[in-house]
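What follows is a set of structures to go through.
Two complexes, one shared chain (chain A), two partners (chain B, chain C).
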Partner chain A sequence: MNGKRLIVRVLLGAVVPLAILVVWHLASAGSVVVPSIGAVLDVLLHPLREPPALDATSLASGALISVLRVVCGFGLAALTAVPIGIGVGRSDTVRRLLAPTMAAAMVISPIAWIPVAIIAFGLSSPATAIYGDEAWRYGLLDQVRFAIVAVIWLGAFFPIALNAAAGARGVRDIYIEAARVLGASRRQVLSKIILPGAAPAIVTGLRVGGGIAWRVIIAAEIFPGTRGGLGYMIATAHEQASYEYAFASIIVIGAIGLALDGALRLAARRVSRWQPKER
Partner chain B sequence: MQRITLARVAGLALAALLVYAGCQRDSEPDPGEALAAGVPTLRVGHVGHDHHLALYLAALEGERFAKDFGICLKEVKPKEVYDLVDGETTLGRLQFMKVGGGSRMPAAMSRGEIAIGLGGVTAVAKFADEGQPFKILAPLNTDGDMLVMQKESPIGNWAALVKTAKEGERPLRIGYKAPVAVAKMVFERALVAEGVSYGYDATEAKTGVILVNFGSEKSPIPLMESKAIDGFVMNQPAVAVAVHKGLGKTIAELRDLPPKGKWVNHPCCCIAATQDTIAAHPGVLKGLLKVILLSTDLIKTNQDLAIDCASRWTKYEQEIEQASVPTITYLAEPTDSWVTAMKTWVEMVADVKLFRGKYAAVTPDAFVGDLLDLTLVREAARELREKGLLKTP
Partner chain C sequence: MAGDAGVIRFEAVSKRYQTPARGEVWALRHLDLLCPAEQLTCVLGPSGCGKTTLLRLAAGLEPPTAGRIGVDGQTVTGPQPGVGLVSQEGALLPWRRVIDDVALGLEISGVSRAERRARGRQAIARVHLPPTVERSLPHELSGGMRQRVALARALCPGPRILLMDEPFASVDEPTRHHLQNELLQVWQTDGQTILFVTHNVEEAVYLADRLIVMTFGRTVADLPVPLPRPRDRLAPAFVDTLLAVRRTFTKHALAGPAAD
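Let's look at the complex of A and B:
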């Protein structure tokens, strides 16, 4: 019975991907823009190969550069948004100070900030900050442009902060009062009551923020001076009409995004384990 | 316990990634690479396509330049860092930055991120008009703009296009990449010269030609494949790509469109620098201009090498560069014809009110006198001619 159910589940899950493959195959016949499945598979199966007809690094190298940018932007967003969100959630003063601005900024697409980020950070990177004129020797670090990281940060910050605020606000006052009666310090209240209480909402914010960070990277990687990354590869592939690389990059972005979301969903499940008990 | 372990593993993996990125060196410093005190490092912005072939050929053929001309770009890191060497003297270290086309190059120069820029005349002039202290030091190329139609279109030449636009049942839809692109402006004026009406509104059934902006796509390929447009006007190598991919056919070079002779040598890309760079590093600029002059000479006299270098640098397929490079007029030494074409271009952009700043009300002569600083390139050309190194006139 269990085996049957599993087969049905797998088959149901495979219907849409199979339909996509069939449509893709039909659309690729005689098309320049839609490459054949085989051509895209060839790119995916040779991730270390330098593209022969594309001014870009290998797919694997591009993915590494993109991951690095997202890790930096998303990591910074998590580090800054969680404390600010908790502040907004637990303090009336902080909420009055920041909540209207955050609500307004949340609805602005991070891509709209690209020109501002370029003006603010130019072509600077951790490599230029550390190594100055010798930054070119540290190609990977030099590709982590502050402007790109800033746009990713902007994209991920608001959903994380607003979810953290909602989570912190939702922690029942009775728990905090009980902890204080038992002699807990402010730090203990924060670490033992508020943070665990807000954790499910924070992780939900991280999932949303992570998804946005991956969406933003495609637009952000067309920054001046960029030489690699999956977004750069997509843009260059469009320009040079090597669409198999654009499609392969899209698939890799989807796969990495799925893995990131899976990891965060797992984390969400772990930190939310206590919730049913509470209800 | 398990949660802590997972978090630790994830944290360690991220930390390892960041440490790897921070320490990963592309090249170890070589004692021979060390720059002598006072040798400047300058960033050179470029677009990455074959209009800037003169720079790429010089970079790829450094050894040939050193042997034949004594001045060269010595590779330090491929496609990124080169030392400009004249005889035994290193004039400067040049860091190449692929900054992108359109306004991106002058924008990067205005922010001080690059000192020298290779890019379109239109964008450089627009920024100068707005008060940026930019000067055009030399042309890089002219022409190379084409009119391409769908491969199976019955329209095979300019006369047929004019006839169809005037007598056809529906307007022709012709794509363009940007509102102030030279190709689009030349095409519009040629239509006017032929008495063909044009517009931008697809509902204007009585218009002979509807002009369609590619928008952010910047590539005509998807619009050509979907038959959303009947053809497009654009510069190389986009034209060669469309033809090579079997989607289009070139029916006219825009330089040949009416009024006859008016668009010959119409400006495309140039080398520009800030006035600060010109004042601080005239020796480096003159050296670079010498290399560009010699490289342009080589492109004209050794087209096989030029096509090979274009393909090696841009990574466009060899067949595409074979179709593209011969249709571009590479030019580094300013000619009277180029200066005249610049003046014609100024009159053309005045119609669309491109300039709203210091060039808004100036004559073409005054514009050319202010924006062009051809002193260094003329000196460089004279010195090379004195040594008998320049082969073409």
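Let's look at the complex of A and C:
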């Protein structure tokens, strides 16, 4: 790419963010609801500061709690959905057993499960499971509430499982037979043929699932009864009219979401290198 | 089956499929076939006559409905060591680089990476591919190159038996002639037993020691090809044999299935 084209590309990409900043600046003048860009920037530049007017921890701590919850829920979803998806994709019996339930469950918004998950798990966390009444001493571990992890798992599970199923089903039998004739065991067929063949679809599922997990966590944290995390900070900032914290949280949510998607996009590119580019 | 080393033997083999559209279909019917050790036997037949099924059964990818198949002295109950298969499409793994695909059989057997590389390179050289292709992906290769890689992959573990399912059907004629000569070179050096399936009469006459004509799931003719090697496609003896085989093939291919 030559220099001129690069400049045009960067400028084009900057048009919308700059327009948003201008509108934001104009909207914040004299407003008590829309904070100034400077006030939000101040919060972002002091991520460890405890918000004086809020019953919430710092922005950095909130982000850490949200990320930790997503890592647990999304990790659990990936660990369960990939093998189940491959089973659905390669076995008629597993498909007949699970496909109708999965088809019905996937259309239900994961947010609808939040009350159910709170009833099922209450305020329990790994800390309450291990340390009981002393759980509060293990703050970060206590923030990984089972209810929230379950809701994230539900949100991320179906796109990952369905993509893994489609990927596994798409692996042609001739590849499997080529490996079998060369002496491959069932485990080798799985590791050397089905998994690499389905990898691009699996990573696409992880990208979609990761995006949903990150959206669901914010909704789950805004839900009454939850404490800690960026969603909780938005809800609290709204109640206390400290809108600069709400705006700063939204920007951090966007940045972390972008980083998560970027990492998964890199992974997708890596595992899809072998696919010829469609023109 | 003592003394059957290197031999492929079909004894009254039948294979039935249940299809949604056509119901019960017999791909093979009471088929007897013998491929002697170290010979190149061609099975010649029209599309749909059961040639591919024959190879799949010999490779142990499917069980017969009835009868018995012996390969290299063993009754076939599944894929067995020492047998290589090259299919019409090549079945190269799209995500593997050529060197890794060629050495797949060695990797499955737990051979070290260094030895896999060395033997993979040897196999690539044997099928006359330049060393530069070893880092290529299958979609970056021409049809002829892909079939050479498929042959290299089958040869790499050093099989005694080679099953070939119309491996050169999808390449142009000059490339097909090159590939046939390369196969003959490998076979004359290694002495594998080759069961080569094709619907191309000229290819069968050029390659085979023995030629078996198959229609409607049965063998209908067993013809020796007593032409000296290397064979000249324009020599009168070759043309005479070709015409004779073509007459036999056409007669049987046009006739309906024999009653049971």
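Definition applied: the second predicted complex is superposed on the first by the 270 of 279 C-alpha atoms of A that agree within 3 Å, B and C clash if a C-alpha of one lies under 4 Å from a C-alpha of the other, contacts with A are read in each partner's own complex, and residues count from 1 in each chain.
Here is the rule we go by: a residue touches a chain if its C-beta (ideal position, glycine included) is under 8 Å from a C-beta of that chain, and two chains touch if they have at least 3 such contacts.
The model shown is predicted, which means the values in this text are computed figures rather than measured ones.
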Touching partner for A:G75 - first (chain B), second (chain C), both, neither
first
Return first, second, both or neither, reflecting whether A:P47 touches chain B, chain C, both chains, or no partner chain.
neither
Considering only touches as defined above, state whether A:L140 meets chain B (first), chain C (second), both or neither.
first
Regarding the shared-chain residue A:G211, is it in contact with chain B (first), chain C (second), both, or neither?
neither
For A:L123, select first, second, both or neither according to whether it touches chain B, chain C, the two together, or no partner.
first
Does chain C touch more residues of chain A than chain B does, or is it the other way round?
B
Between chain B (first) and chain C (second), which, if any, makes contact with A:H238: first, second, both or neither?
first
By the touch definition at the top of the document, which applies to A:Y175: first (chain B), second (chain C), both, or neither?
second
Touching residues of chain A toward chain C in the complex: what are they?
172, 174-175, 177-184, 188, 192-193, 196-197, 199, 274-276
Which residues of chain A touch chain B in their complex?
31-33, 51-56, 67-68, 71-72, 75, 118-119, 122-123, 126, 130, 133-134, 136-141, 144, 222, 224-227, 238-241, 263, 270
In the complex, chain B residues that touch chain A:
3, 10, 14, 17-18, 20-27, 29, 41, 45, 48, 77, 80-81, 93, 95, 97-100, 104, 107-108, 111-113, 217-219, 221-222, 225, 241, 245-247, 314-317
Interface with chain A, chain C side, in the complex: residues 59-61, 79, 81, 83-85, 87, 89, 91, 93-96, 104-105, 107-109, 137, 139, 153, 157
